[in-house]
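Let me begin by presenting the structure, written as structure tokens, before commenting on it.
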Amino acid sequence: MNVIVDLCVVPLGVGTSVSLYVAECHKVLTRAGLKTHLHAYGTNIEGEYDAVFAAIKECHQAVHALGAPRITTTIKLGTRTDREQSMEDKVQSVKDKLSKP
Amino acid sequence: MNVIVDLCVVPLGVGTSVSLYVAECHKVLTRAGLKTHLHAYGTNIEGEYDAVFAAIKECHQAVHALGAPRITTTIKLGTRTDREQSMEDKVQSVKDKLSKP
Amino acid sequence: MNVIVDLCVVPLGVGTSVSLYVAECHKVLTRAGLKTHLHAYGTNIEGEYDAVFAAIKECHQAVHALGAPRITTTIKLGTRTDREQSMEDKVQSVKDKLSKP
Amino acid sequence: MNVIVDLCVVPLGVGTSVSLYVAECHKVLTRAGLKTHLHAYGTNIEGEYDAVFAAIKECHQAVHALGAPRITTTIKLGTRTDREQSMEDKVQSVKDKLSKP
């Protein structure tokens, strides 16, 4: 099952700067061979369900290992059976609509 | 890794009533032996990471099998290493604060 | 525009215990006269759009005033024009489906 | 109160293609003068709280007007009092961490 996911990992108990932990997650996702796109409030991920959620588990383990005693994460998860669709397709589809008069 | 999760599965392409699909997910989660609490905008789930996310995958498969060609799901995922905490603990902790003058 | 909302306010920079801040938000929502239901990963809210989002703004102001320098909040927002539906209706609709053989 | 928001509007009851409705929201946000960045699972928005949530209300009204009888939206909302931070700052901060050996 191919999925498009949006992931936002928030460590608690480590002050207000979270970029170190987000960067660590990015390394985990990259090592897992997943396609990613970083934005200002999370990371888009594309891949197989099992690979994506194994990597998200590893993100939590890595962020705890870096010293965060608590983590709250928000995930959006999209699947479809009617057709294949990549992350780029989703963005392009909206841009196509916007470019029409 | 024990997790507390909030799950909101939204089927697309099947009209505006989604309760049939939410009920199907509830059955999947119950069969998986997970602790759940249904509320007005999702379901709280408590369990081991691997069991919870295997069940969520099965929810998507079951909702597609019921005829939904597309699904968008929102998940909140909490883990902590500082102490154990159940779903009931979380609610009680807020109620304790509210009951103080 | 009537809305059903799910609100989860997470203060950063104040350690790992967040119940004090969630309780403060609960007081703000109650004072605003909104219908609420507290669960293990957030609060269901029902009311008019403007009243609900004025109260959520006040929640952020109150949590900052309590000492949290950063807040990240997750909100689900539902509206419909086909029929009226309360928070209780949503839960009951799923329970009805579950009780059928 | 300056906010960074992530918005994902999902119309129900209009089939599986949602890009038309996302494009309509994009037009609403642009007309409102808000800074936006479209990604594969939502739109980052930066602006004043009141302006952003007035625009999100208008998005729901516009999507209903286009024929969607039900909408479920996911919003992430970030505020901070310790320092100013733009959407670009957030992404750059993670990239800086990633570029260090």
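Labels for the chains are A, B, C and D, by order of writing; each one numbers its residues from 1.
In the analysis below, a residue touches a chain if its C-beta (ideal position, glycine included) is under 8 Å from a C-beta of that chain, and two chains touch if they have at least 3 such contacts.
All values derive from a computational prediction rather than experimental measurement.
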{"item": "Co-neighbours of chain D and chain C - touch as defined", "value": "A, B"}
{"item": "From chain A, the most remote chain by mean C-alpha position", "value": "C"}
{"item": "Separation of chain A from chain B, taking each centre as the mean of its C-alpha atoms, in whole Å", "value": "19"}
{"item": "Between chain B and chain C, centroid-to-centroid distance (C-alpha), Å", "value": "17"}
{"item": "Geometric centre distance via CA averages, chain D-chain B, whole Å", "value": "25"}
{"item": "Sequence positions of chain C contacting 2 or more other chains", "value": "13, 16, 69-70, 72, 74, 76, 78, 80, 82"}
{"item": "Complex contact set, residues of chain B against chain D", "value": "10, 12-13, 15-16, 18, 69-70, 72, 74"}
{"item": "List of chain C residues in touch with chain B within their complex", "value": "4-6, 8, 16-17, 19-20, 22-23, 26-27, 37-42, 44, 46, 74, 76, 78, 80, 82, 87-88, 90-91, 93-98"}
{"item": "Touch list for chain D against partner chain C, complex", "value": "1, 13, 49-50, 53, 56-57, 60-61, 64, 69-82"}
